[in-house]
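One structure, pasted below without further comment.
Every chain is named by a letter (A, B, C, D, E and F) in the order it is written, and numbering of its residues begins at 1.
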Amino acid sequence: MALMSSNTEGPLQHARSMALGIGGAESNVAIALARLGTPITWIGRVGDDSLGDLVLREIRAEGVQVIGIRDPEAPTGMMVKERRTHSETRVWYYRRGNAGSRLTADDIDPALIQNASLLHLTGITPALSASAAEATFEALRIAKAAGVTVSFDLNFRGKLWSREQARQVYRRILPDVDLVFAGDDEASIAVGEADAPITLAHRLIDAGAGQSVVKLGEHGAVAVVDGVEYQRDAIRIRPTDTVGAGDGFVAGYLADYLLGADVPTRLTTAVSVGAYACLVPGDWEGMPRRSELAGLTAREPVSR
Amino acid sequence: MALMSSNTEGPLQHARSMALGIGGAESNVAIALARLGTPITWIGRVGDDSLGDLVLREIRAEGVQVIGIRDPEAPTGMMVKERRTHSETRVWYYRRGNAGSRLTADDIDPALIQNASLLHLTGITPALSASAAEATFEALRIAKAAGVTVSFDLNFRGKLWSREQARQVYRRILPDVDLVFAGDDEASIAVGEADAPITLAHRLIDAGAGQSVVKLGEHGAVAVVDGVEYQRDAIRIRPTDTVGAGDGFVAGYLADYLLGADVPTRLTTAVSVGAYACLVPGDWEGMPRRSELAGLTAREPVSR
Amino acid sequence: MALMSSNTEGPLQHARSMALGIGGAESNVAIALARLGTPITWIGRVGDDSLGDLVLREIRAEGVQVIGIRDPEAPTGMMVKERRTHSETRVWYYRRGNAGSRLTADDIDPALIQNASLLHLTGITPALSASAAEATFEALRIAKAAGVTVSFDLNFRGKLWSREQARQVYRRILPDVDLVFAGDDEASIAVGEADAPITLAHRLIDAGAGQSVVKLGEHGAVAVVDGVEYQRDAIRIRPTDTVGAGDGFVAGYLADYLLGADVPTRLTTAVSVGAYACLVPGDWEGMPRRSELAGLTAREPVSR
Amino acid sequence: MALMSSNTEGPLQHARSMALGIGGAESNVAIALARLGTPITWIGRVGDDSLGDLVLREIRAEGVQVIGIRDPEAPTGMMVKERRTHSETRVWYYRRGNAGSRLTADDIDPALIQNASLLHLTGITPALSASAAEATFEALRIAKAAGVTVSFDLNFRGKLWSREQARQVYRRILPDVDLVFAGDDEASIAVGEADAPITLAHRLIDAGAGQSVVKLGEHGAVAVVDGVEYQRDAIRIRPTDTVGAGDGFVAGYLADYLLGADVPTRLTTAVSVGAYACLVPGDWEGMPRRSELAGLTAREPVSR
Amino acid sequence: MALMSSNTEGPLQHARSMALGIGGAESNVAIALARLGTPITWIGRVGDDSLGDLVLREIRAEGVQVIGIRDPEAPTGMMVKERRTHSETRVWYYRRGNAGSRLTADDIDPALIQNASLLHLTGITPALSASAAEATFEALRIAKAAGVTVSFDLNFRGKLWSREQARQVYRRILPDVDLVFAGDDEASIAVGEADAPITLAHRLIDAGAGQSVVKLGEHGAVAVVDGVEYQRDAIRIRPTDTVGAGDGFVAGYLADYLLGADVPTRLTTAVSVGAYACLVPGDWEGMPRRSELAGLTAREPVSR
Amino acid sequence: MALMSSNTEGPLQHARSMALGIGGAESNVAIALARLGTPITWIGRVGDDSLGDLVLREIRAEGVQVIGIRDPEAPTGMMVKERRTHSETRVWYYRRGNAGSRLTADDIDPALIQNASLLHLTGITPALSASAAEATFEALRIAKAAGVTVSFDLNFRGKLWSREQARQVYRRILPDVDLVFAGDDEASIAVGEADAPITLAHRLIDAGAGQSVVKLGEHGAVAVVDGVEYQRDAIRIRPTDTVGAGDGFVAGYLADYLLGADVPTRLTTAVSVGAYACLVPGDWEGMPRRSELAGLTAREPVSR
């Protein structure tokens, strides 16, 4: 998606100019993975217009392999971002009816998935339209058939669908998922509210996921892997812009998972990438290269 | 509509920042009229969002009375503008499904029209959606019933509907219109192609309009009023940005029509406002106050 | 007044560009009231120049009814603002001899005041010139004669007059004032220094005001209304730009006063608007709409 | 003077930001002379404020020796510039009552003038105030007494005084002037209208000047020196910003005069500097170094 | 190379800010080819620094396959660009001793060349250093051995070496070159001055090149292919920025050469791409996609 | 040196534009001294290019007497600055081979040094090249011969030479130095590591310096003068940009040294200037005038 964000704080009506960039949870994760050194391919549908050119060029620039389906009939999705105050951001989506929502199962190239090590899906795609939901299910089906690992981030977006609609889709997807990521509120949509995040992590596994990670923002994360519970504190920083931190977290975890690292290492990388992403304005611009992580990573062991 | 336009020439993917403003033929005409000293009210539907705040504040700022219907369900319409080269502009609309297209007949306050001297309509509104077309027809019906003068600018937008769809609506509206404005290509959609613009002007009257003005850009304009033909050359200038010139032309004509000026005077004011609008970047920002016209207005009489 | 403020911190000589906007305690209060939903009219004198156009358009944009007297002889007042460091702002006025200072009693339309619910005056206007002081007194006289409520903010400006000059005018105005607002230092100009702000509030009433509110910035405010003392803490925030907070406070108090709210509610709204105004750069750009206040307003009751 | 100019074309009310710089005929001439390699001292009065710091630093930066009198009582003069269209600039002065207008005869250091080769005065200074006029006359008196060459540019400013007021001062100054520069309209203020510029040049000498140069913008210049008439065409360029061209012309003439060059050479340098100044936005920023002139200077001889 | 260019016209000392981008004849050609739909790989050496990241990301973004050798010892090459006037650009190189100049024969992957359809070299690389010259010769040797077509653009840079030094290298390279491109002045360095460009084209073939194209800017181009002479006029446009036009020309010719088009078609595409590149500020940003060419391409046949 | 710094936080590849300015420890100290009222001359070598013009104009603007040697053969040195996060700055130098590094002993005008009260040298100059080192030694020799006080700031730059290379030059220079300034790590290069800063200060004197000051950033400074130890805390501020603080410290100390102030006063001024410099972005732009110091200077006595 293209992203217009105001360059200054305050109501958008006083914005002198808007920065033009791109955003979206999937491309954030893809870019963060590429910066961490993981070979990665991104698939998406954009309009046959200049904002579509922009989206594809920016993802490609970051070293991500890009499969960009161009839709001649609909414009590229867009979001508009206002920084109302230093601590309050507002976002409006121009997403429904636009190219991204017109993704269909036919847009999915089976070979691409079959030859991958891992397929990462988000809960945003199925929320966009019926055909995009079908594309998600089709990708999932292909991956399972080919034995490809599947990761899934719930990424609930309240402007796109209701919690009940989301719950039904989450429950349909979870049984086929190897790794699931969710914020605590997102997890509770899928598996009901609970007092402790670790309870949510267990319930996600009960719902069918292979392993589960519950992201807790400045409170770190908990995970359940092979029946073992893990807890990891966040790295203490002074955040500039927290948007994209969750995507960085997921990328950090996946990058280390693919390298065969153990769970504490994955979580350490995950919170480090998430923290780094908060140090710079922009949804993904601050994502770190692996060489940059050292300065941030806390040394204390993860409790288990 | 909100308007994002690149601050520099070239493909949008290289734009460092976008200027945020507003645009739209109706608000352009309204603002130009206000600057010329004509009391004017603008009615429109925008989202209950920050871009909606922007649209309403900018029109209000110009001294236009604003009736802004806020739509809690849909975002404010938007357009994105690229200056591909110094002489080529590209525009993409985020208009369908957005607040402006959800205008309905219920949004029209009859008293407002009944108490006006003139109702100005454009051919953009009926192209947005079925309900917006209904709102147009309803406004027209109220005006006719109350004996209020109606002006209509065809304003064909090829991205919103086909020429055939437009033709049918134009033909339905024209019999109820007192003043019609059209570019020569637009006129030919309504009344068929012709060798000479003046032929188009006559045919618009044959189709039911009271008087007709065919806008010819740098070639000026022709008009047929009370059976008399008029021709007016454009004012020779070095244009910076021609977008909005047609709307300035219409405002100039209407302002003087409402003052009771004769046709040559109206046309002189029309081409002057149109020319002035071209001297400054932006769709409407350069619209002149009446005191600024003197410097530009050519002295030669209009031929008749 | 027009307002030029540097876009970056540091000595003005290194400013790469200046933001052009408007400022002034009266327009700040007017805009804040309009955003809170209070119908409001602003009267002022500006030059017949482009900066005058700017001042009027920006106030009008915010939904304030604007009575702008254009002075063909003098330029619009201006102020220049430097952010020397993140915590130190310097301001220079180009105000004397300019249009605003040439306001006269003749500029005041009696009917406008007679039909209002409340007349708000500041101590800046009488400091500008003898004729502007006369205009202030005349407005006051009209309001009293018509039984219109008068509010007055002392708004001492040391660059415009001495403390002694200010004191004399304050003492002349206070007996005719229904609501008076003052910072603690300002109050001490009018009624002498005191150990406790509440003492100042009492003395303002002794000097003739109907009710008094002493603004204490990050320490909140105290008030005396109908002989009862009120105290209200400020809302704890991380301020970005404190200029305009006092004006937002006054607007919050007046908006709720006009709605018939009780004193604790008025003070809560006042500190909330004041706090919100500090969250965004600019004198008035951050003023909140009523719907935005909820997030900020502290729940604890005002002590009395 | 400080100078705020809009960064974009159009009414100032739409300016997103203003460039902050300096301007003024005297500093333009001084800077152009310094760039041409002429040692030069500039004397002026500015406020003891940040804009005063700016004015002094920018002139000093250009290699001009700066005598800056700081006025603790009044702010630095300012002008505001709007580019209404690409070919129309509007300027508003905040000059009266400000520091520059408070120049007095006491600010003039006699030794500075006595040791100079040439004293350059403009007709702006005496228009600012009575005391500034006195300072001008005092400088003139000192120079004459010491046998220092005096040059004078009429520089009529209609916003500061009337043509009749200007005429009286011009006539008082001209008898003591060795070189006088004037545009043709300015010359006609001093010596009455005439059909041919060369007639004006002769009349300026009749009024007491030693030699006279009449600047004709894109039509070049004429001069009368030692009874001989000279005519010089302008250099044909595509101008970007003509403000400052006249000051560049004067500097070019004076620089070569001080080097002892003959009149045709002086005029060639004058029109070259004037042309170069037009190639860049800004009043003085585009002034050329001597090494840059070669590319522009036309080769054809001056007619005499 | 990284490229810093001033955002405004005038001496760099007055630049308020610099645009940061990339430049270089090789990347310009690569990007233009990619936009025309030709698969292309770019090889270069940059520092292991942020400007190196920038260079690689921008070329990659355009769909060029990038082989970026990172040099841990030297910074990425840079150039600084001043727009002194609207028609005069000045460039300073920070190139010697930087990463690009440290290219060595070892950096060349033989397989990459052996599998290509065409190897494009410029005369800039051998001018940077002895090792870079060796790399050029090595690439040439590999291509010849593998029967890969070689194209060569003389691209003389007077700040890097003398005409005599360049001539010797050109003469060494030309016998191994299948297609040579040269401006007329560049050609005369290699083969001596001549009255007619077509003579230069013949002499380049005499010097060993397979076919030759002499670029003549606004005068079009001449070519000699298989003994036949071709001449092609330029497309008449109003240029905004001519830098990069020659690189666009080369890309247009090569793109069509690789598609098997005849010489007149190649030249038409070449002048069209060159013209398009001039319509937008920036060295390469305005390079057209193939679909954009239609509007510009003149219809008249190439004379032969 | 010219200085390009990104206007926004994040990787340089996302910088929308770069601010163009100047930097360098020597000019920072010179400018800070000028602002404190100390007459000061700066000598340096820059290219005969626009960046050289910039460097000289900016230093001159600040009231520093500038001796600028123009090098026709090499470009002006440059540095590129990235703000990777709000708390991490990265700098790349384009310094070797550029004009500054080509300073030679011949560039030193003996009279200039002989007539000065104090010669300030930095450890950067000898690190640039052999000839620049010679120039440093020559200046030192002239000063000693003339009995001129010499101050020296070690200013170690790890990108220019090794610690061992630096150590040898420091040891050669120290015996001729009257005042030496060093950070604690820099001091340890010269005299070996030590537990306490005061030990380093003593050892610098043992190595030949007359008096020594060890700068400790936010921990203040220690000094040994005439065998007496001094300690001074830093002033507690919220820093915006700490670059240049050390140079401000040195300037503050030297300014008061030259006024004959006692050591505690010098240290108080030093930490005040250093603190002030941190309050504004930029290496030197925030340096205070003496009148601005009062607000910051802590009152507590220096311990001795």
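The definition used in the following text is that a residue touches a chain if its C-beta (ideal position, glycine included) is under 8 Å from a C-beta of that chain, and two chains touch if they have at least 3 such contacts.
Note that this is a predicted model, so its numbers are computed, not measured.
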Query - Partner chains shared by chain C and chain E (touch criterion as defined above) - result: A, B, D, F
Report task. Quote the value, from 0 to 180 degrees and to the nearest 5, of the angle by which the CA atoms of chain B must be rotated to coincide with those of chain F. Result -> 180
Query raised in the report: If you average the CA atoms of chain A and of chain F, how far apart do the two points sit, in angstrom?
Result: 47
Query raised in the report: Between chain A and chain D, what is the separation of their C-alpha centroids in Å?
Result: 63
Query raised in the report: Where the centres are mean C-alpha positions, what is the separation of chain B from chain C, in Å?
Result: 41
Query raised in the report: Going by the touch rule set out above, which residues of chain D reach two or more other chains?
Result: 11, 16-17, 19, 57-58
Report task. Based on the touch definition given at the start, go ahead and assign the chain network to line, ring, star, complete or other. Result -> complete
Report summary line: chain B partner, complex, touching residues on chain F are 16-17
Report task. Please give the residue numbers of chain E that touch chain B in the complex, ascending. Result -> 19, 238, 240, 276, 279-282, 285-286, 292, 295
Report task. Would you tell me which residues of chain A are touching chain E in their complex? Result -> 57-58, 60-63
Query - Complex contact set, residues of chain A against chain C - result: 8-11, 14, 16, 84-88
Query raised in the report: Where on chain A is chain B touching in the complex?
Result: 4, 6-7, 11-13, 15-20, 47, 49-51, 53-54, 57-58, 75, 78, 80, 82, 90, 92-94, 96-98
